[in-house]
Amino acid sequence: MVGGYATAPLQNGDTILLPERIGELTGLDGFGVGGELLATFLAAFVIGNLMLAMTGVAGPWAKRKITAAFTDRIAVNRLGPGGIFIILADAVRLLSKELVVPENADRPAYDLAPIVVAGSALLGFAVIPMGSGVHLADPEVGLAYVFAVSGIASLGLVMAGYSSANKYSLIGGLRAVAQNIAYEIPLVVTGMSVVIFAGTLQMSEIVAAQAEPLVSFAGLDIPRWYALVNPFAFVLFLVANFAEVGRNPFDTPEAPTEIVAGYQTEYSSVYFVLIYLGEFLHIFLGGGIIATIFLGGPAGPGPAELGIVWFIVKIWAIFLLTQWLRSAVPRVRIDQLIEIGWKGLLVLSFANLILTAVIVGVLA
Amino acid sequence: MMIEALIAVALIGALVTFVAPNRVAGKLAFAISLVPAALSLWMFTAFDGSGNALLDGSLAFESHLEWIQFGDYSIEWFVGLDGISLPLVVMTTILCSLAILSSWTPIDSRESQFYGLVLFIEANLIGVFSALDFFVWFIFWEAVLIPMYLLIGVWGGPDRKYAAIKFFVYTNVASLLMFGSFIALVFGLGDAVTSFALPDVADAMVNGGGVQSSVFGIDPGTFTALVFIALFLGFAVKVPVVPFHTWLPDAHVQAPTPASVLLAGVLLKMGTYALLRFNFTMFPEQVETFAVPIAAVAVISVIYGAMLALAQTDLKRIVAYSSVSSMGYVILGLIAYTQFGVGGATFQMVSHGLISGLMFMSVGVIYNVTHTRSVEEMSGLADRMPIAVGILVAGAFGYMGLPLMSGFHGEFTIFFGAFQADFAYAPLFTALAMFGIVIVAGYLLFALQRTVFGPYSLETDYDVGRAPLHDVAPMFVLLALIIALGVAPELIFDMITDAVDPILNGGDL
Amino acid sequence: MNDWIAIGALALVGLLIPLGMMAVSYLLRPTVPETSKRATYESGEIPTGGTRVRFNIQYYTVALLFLVFDIETVLLFPWAVVYLDAVESDSVSLLEILGPMLLFVAILLVGLAWAWRNGAVQWAQTPRQAAADSDRQ
Amino acid sequence: MTVAVEYYVLLSMAVFCIGLMGVLTRRNALLFLMSVELMLNAANINLIAFAFYHGNLTGQVFALFTMALAAAEVAVGLGIILVLYRNFRDVDVTVPTTMRW
Amino acid sequence: MAAYQLPQWAALAPALILALTGLVLFLVDSISPRSTDRTLLAGTAAVGALASLAVAVWFTAAGVGTPTIDGGEGVIEIFDGQFVVDQLALYFMIVVTIVTALIVVASYDYLAGHTYQAEYYSLVVLAATGMATVAAANSLVTIFIALELTSLPSYALVAILKDNRGSVEAGLKYFLIGALSSAIFVYGISLVYGATGYLQLNSIAEVIADGGADGFGGLLGLGILMLLGGIAFKTASVPFHFWAPEAYEGAPAPISAFLSSASKAAGFVIAFRVFNVAFPLGEIGSVIGFDWTVAFIVLAIVTMTVGNFAAATQENVKRMLAYSSIGHAGYALIGLAGLSADGGELVMGAALMHLLVYGFMNTGAFLFVALAEHWGVGRTFEDYNGLSSQAPVACGAMAVFLFSLAGIPPFGGFFSKYFLFTGALEAATANTAMLAVAAALVVNSALSLYYYSRLVKALWIEDPPATRDRLSQPTGLYAAIVVAAVMTIVILPGFGPVAEAATGAAEALIN
């Protein structure tokens, strides 16, 4: 066999990924293939739990706190400092609730939907370089991969909507799909303009390409983050991303004032938890992508070991932005949403792509 | 370019007539058809060819034109006339003019289409008799079918649909068989021929030693014999020969008079003409091999056709079956393979064309007036329409082969030639065929006696009066031609024998 | 170690975590079956009609449109990846590398313009449009 | 770690046969469509596996095109199925029998 | 020659012009949505098709694609040989554009009062683009893409009468079988790629010739069979012919004409090119264990027999024509069945000629059916009774088409059919099995006479029913039909250049 993924020419040989690191740390790499597999699994477990922890903080606690701050309330404050232990309480509460399955539910789909929603969001983190060596995998097609797996979530949403046998759910599910597909193309096409700069789809390469300074004055280097190089693309991507993850002003699929809770209307107990988690994972995944391809990934002042910190700061910043928008911006109607997507963002994203290509071409 | 002119006039005339208003179509078509008739008569006087068209003869009015290069084979526009085809062409043009004239009375709907088709047939018939490249010839040969199919189908009698389809399918299937076998023959000849021109193929067959190597895994002798049989069968349907004759009575009876005239007068001659050109020119050896069965078929056609005619009560059917019988004579003459036999057969083609045309016209004229053709429903017509009936009787005598009529010369030379033939039982076959004449005389006289003579009566209630001039005039012309050929057969017989001799001598004059 | 094995491992984790949570919940939660609980939730009203309601045709037209456009991006990706290398190498001119993409996008945009003008991406019609539309039927 | 090309072929053949089976047994037009997609994807598996085996990119590029065309096909197919539903109130392919064989 | 100075890619101009026309039509519809300005739309499409035709004829006349050995201009390879513009390509581009032009002109009246006119025309033109591209495609990739570009608009076109149940049903069936067959086709491509490592036709042939595929005989053989399946669908040959009667009957008649003439021609050009270039007879037999001519002999016989026998039993005119077009696919397959390792350009050339003539006569026949649908006289033979007394010109043209389809002179169909017959016999001198094909051709021709003449009989011989309204004379339909009829006739005396082009194309392909 000629070729093969492992020996691909574009692979950056000196990137050391998390599985190898864990293999070295634990000495598992001395145990042959089995050991390597175990180390890989451990690495995946670490990444998964890292993200779960983050959503655990974000969902039950941070969200309430932020919303409360906007509406001049206090929100959770009884358990632990600032009410942080509400996370545990909520976990126990939700896990021990009765699971009510609607009588006409389409069973396998109804059960699978939460797993798909939660699992697919997690999958995207595999290729995101989080700095400090926390980087599970670095395939050549990283960016395409991450777009691909984040698309799976809408499948989960439509499964949930359809299988619940509820009109609200169905409407919510379909809205979710209509919205996802409307903004998927601007998202991907805008992402493509980054690819034109970087000349690669590999996440580590994209990050590396942003490390060089753009301009430097007074001894201060302004990094070559693509958000700075092409702010237009950044804004486009940001907007499309909000629509992708279904947050305000694009949260029509849930739209509590119109259709109860959209596709999650009929979900309860652990199923609800999973869908809820999935949504927050998705927000973070969107943040991760933005951070990686526009904000230099884990780059930041200080030693490279601080990468993970900078990375988490960046994705939290984006999370905060979503929550800010959630409280500050009204929801658009479904028809407006679709028309903004198809008539506005799509055209703009193509314009951006062409402009980027022309500029890159002329400059080079 | 004379032949092209003939065809072009007829074709353009067909187109013009097709779009002309119905009321002038007949006169227009007649006027147009006079042009080829006159031209062909001029060609007859200016004829300067000699020998056989297929075997190194010098052709009159020859013309060559590159047309299609199909692989290694070239297809040319190749036409020309020799002593065999010229009389047939002249007969065709004249008969077409007369047929158009005789349609003025019976055809009373969609005239422009009718006359257009007749002119179209004329063009194709001229083509059949003058084309010398197989593809060109085959186009004309097949193209005759469509107008005839429509003539029978649209303007025919009550059973016209059945008759038309039967005619169409019978003759077309036969054509396919014939086409295939001829093409196979050309390929069988290998590199000896690089065109589909009939002279080339004939030359390769007669002088070039024929098929040399095995074809389709069949050895050359058997292959040639198979091709011969297939070609014969293909043409036999057109002639027609018993047992392939069943389409003919249907077609004749259902066809309108002018179509019958053309059908019997010219279309049947296509079959015998093709037999002469293909089977009897290109396959001298096979002609000898298959002489006895072919002669048997010929005699059976003569006798059986005549017997069938005897059993009919419909005048048209009688004439139709008698055509089968007459064509039997032609085949007998061909298979005799002597100068008199083949020459007589060719002469008989022309003669029979004229006579059967005359007969059908007479029957048509009678039908126009009486609206019946049944022998049983009328008698004593001579009282009411003496001229038309007189011509009918004269034509019948011609059919019977009375001296001074062309039929006599044709049949006499055929019998003379057949007696000389050197295949087994030739005299016996000839004698049997001669017996056919007795039957012909029997049924014709019987029918005439019933219808023409005796006291006048008619079971349908139509007034019987004299036929209009334009109905009778063509019959006069035909009768004049029949008598002319009967009195002076050498008018065409000399050029016929001149063209026939090379066939019998294997290409050497 | 192959990248894709790591991704597979994460997929496994992504499957195991929800399953684990479900298992825990299965052990913890009570089950008190009751018919009225299982009824379809319609804000407390008694559910009416079937749940498989018919939808605005626009959902389908948009989906069809997406199908086509999304795939076009697949075809653009390889171009985007090689673009920088191609621009920097001297063997191909800018027109040769940029032209095909411009043509491709132009064709796409013709398609989008057509879909746009024919109302494929318009969710709701104004009454005037609807009236004009019904005249043509 | 490499997998021999035969296994890819076996996989693709299995997928292809599943698709074919679906085509032959299903009466729902949508399931028919899905089965056809399976068959197309079987071809894609082959193309990509063979692209590695032969060490050229032709197969991969073609797989991209196949995907694009499969999507276009689905787009047209869904359109037809929509009008089918509108006319026949069903997506069963055996229901429309306006014309007899 | 001026054509020589153009850039290489300009050799694809006929296809490019069509593509551009399609886009212009989309733009027109974008500027003025749901326009029913028939003159503008049909006019644009017709101008595009005719321009494309003119360019293709010009290229042919200028000698583009003629072999350099004979002092020609040489085959033009585009995109590293993904496309070749040779005589075969130009020949089929001519066929396709002719049919397209006729269809477009005829649709002018047929579509009067329909919605989605711009879409209709642009889909027709795009499908034609696909067909023209197929003609030049020289790689399995481009072939597949162009094939789909042909198929996808066709599916939509068949079902374009959205409220007509027949049309929708036809569209569904056409689509389902089409999707299935393209899946099979693409799987076949993947297997061929697996066995040889290439998708470009001449590279495949090189690998096979070098013995590079020797170990993969089974894979390659299966792949070839599957390719054959895809081609059989496109050409409406057995065993993938089931869609044809349904689709042709249900589709708008101009589309039936389009599919049965141009689309079929596109299928055949694939068959001709793929099998001759990629799997040359001399070498392939030893690799896969059999000669594909055997498959084509069987297919040809079965296809023509099935088509003609089924056609003979039909009462519905459109359906009869549909089955007869299956029969004609069988005739054209003879072109491949008659090949042998060292020859066969005669029979192949004949098949090419047949496809060109078929483009006129079959299109014309279906357009007459379109005219009858426009009149609303009905669909069965009986409904057509006596039309000639009311519309002699159209019925005369129809008689021309039918006789030509039956292979009766003096019409174009005569030559092509009889050349096929001749070619089959010539091939039989090398391969006796071809005798069976020739025999089948004779039997089927005889049978076809029966049903074609039945329709002529209905038109011309039967009496018209008393209660038929006056028939209108739509300009576009009449023009298209008359042009097709005139061409069917004129092509006979003008057969020289056609035969030259066809045999030239065949020779270039085989050698």
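Just so it is clear, A, B, C, D and E label the chains in written order, and each chain counts residues from 1 on its own.
Note that a residue touches a chain if its C-beta (ideal position, glycine included) is under 8 Å from a C-beta of that chain, and two chains touch if they have at least 3 such contacts.
Note that the structure is a prediction, hence the values are computed from the model and not measured.
Trainee: Using the touch definition from the top, how many steps at minimum link chain D to chain E?
Mentor: 1
Trainee: Of the other chains, whose C-alpha centre is the longest way from the centre of chain A?
Mentor: Looking at centroid distances, B is the chain farthest away.
Trainee: Of all the other chains, whose mean CA position lies farthest from chain C?
Mentor: Farthest by centroid: B.
Trainee: Could you say which chain's mean Cα position falls nearest to the mean Cα position of the entire protein shown?
Mentor: E
Trainee: Tally the contacting C-beta pairs at the C-D interface and at the B-E interface, and name the larger one.
Mentor: Output for the comparison: B-E.
Trainee: What whole-number Å value describes the gap between the mean CA coordinates of chain C and chain E?
Mentor: 38
Trainee: On a C-alpha centroid basis, what's the spacing between chain A and chain D, in Å?
Mentor: 31
Trainee: From the C-alpha centre of chain B to that of chain D, how far is it in Å?
Mentor: About 64 Å separates the centre of chain B from that of chain D.
Trainee: Please compute the C-alpha centroid of chain A, do the same for chain C, then give the distance between them in whole Å.
Mentor: 16
Trainee: Chain C: which residues touch two or more other chains?
Mentor: 2, 5, 63, 70, 116 - these are the residues of chain C that touch more than one other chain.
Trainee: Would you please write down the residue numbers of chain D that are in contact with two or more other chains?
Mentor: 1, 5, 53-54, 61, 65, 72, 79
Trainee: Pull out every residue in chain A that's touching 2 or more other chains.
Mentor: Within chain A, residues 6 contact more than one other chain.
Trainee: Where on chain E is chain C touching in the complex?
Mentor: Per the touch definition, chain E meets chain C at residues 23, 26-27, 29-31, 33-34, 36, 115.
Trainee: Within the complex, which stretch of chain D touches chain E?
Mentor: Checking each residue of chain D against chain E gives 5, 9, 12, 16, 19, 23, 29, 32-33, 36, 39-40, 42-44, 46-47, 49-50, 53-54, 56, 58-59, 61-62, 65-66, 69, 72-73, 76-77, 79-81, 83-84, 86-88, 93, 96-99, 101.
Trainee: Show me the residue ranges of chain C that touch chain E in the complex, using the header's touch definition.
Mentor: Answer in residue numbers: 107, 110-111, 113-114, 116-119, 136-137.
Trainee: Can you list the residues on chain E that touch chain B in the complex?
Mentor: 345-346, 349-350, 389, 392, 399, 403, 408-410, 414-415, 418-419, 421-423, 425-426, 428-429, 432, 435, 438, 442, 445-446, 449-450, 453-454, 456-457, 460-462, 492, 495-496, 499-500, 503
Trainee: Mind listing the chain D positions that touch chain C in their complex?
Mentor: Counting only chain D, the residues touching chain C are 1, 61, 64-65, 67-68, 71-72, 74-75, 78-79, 82.
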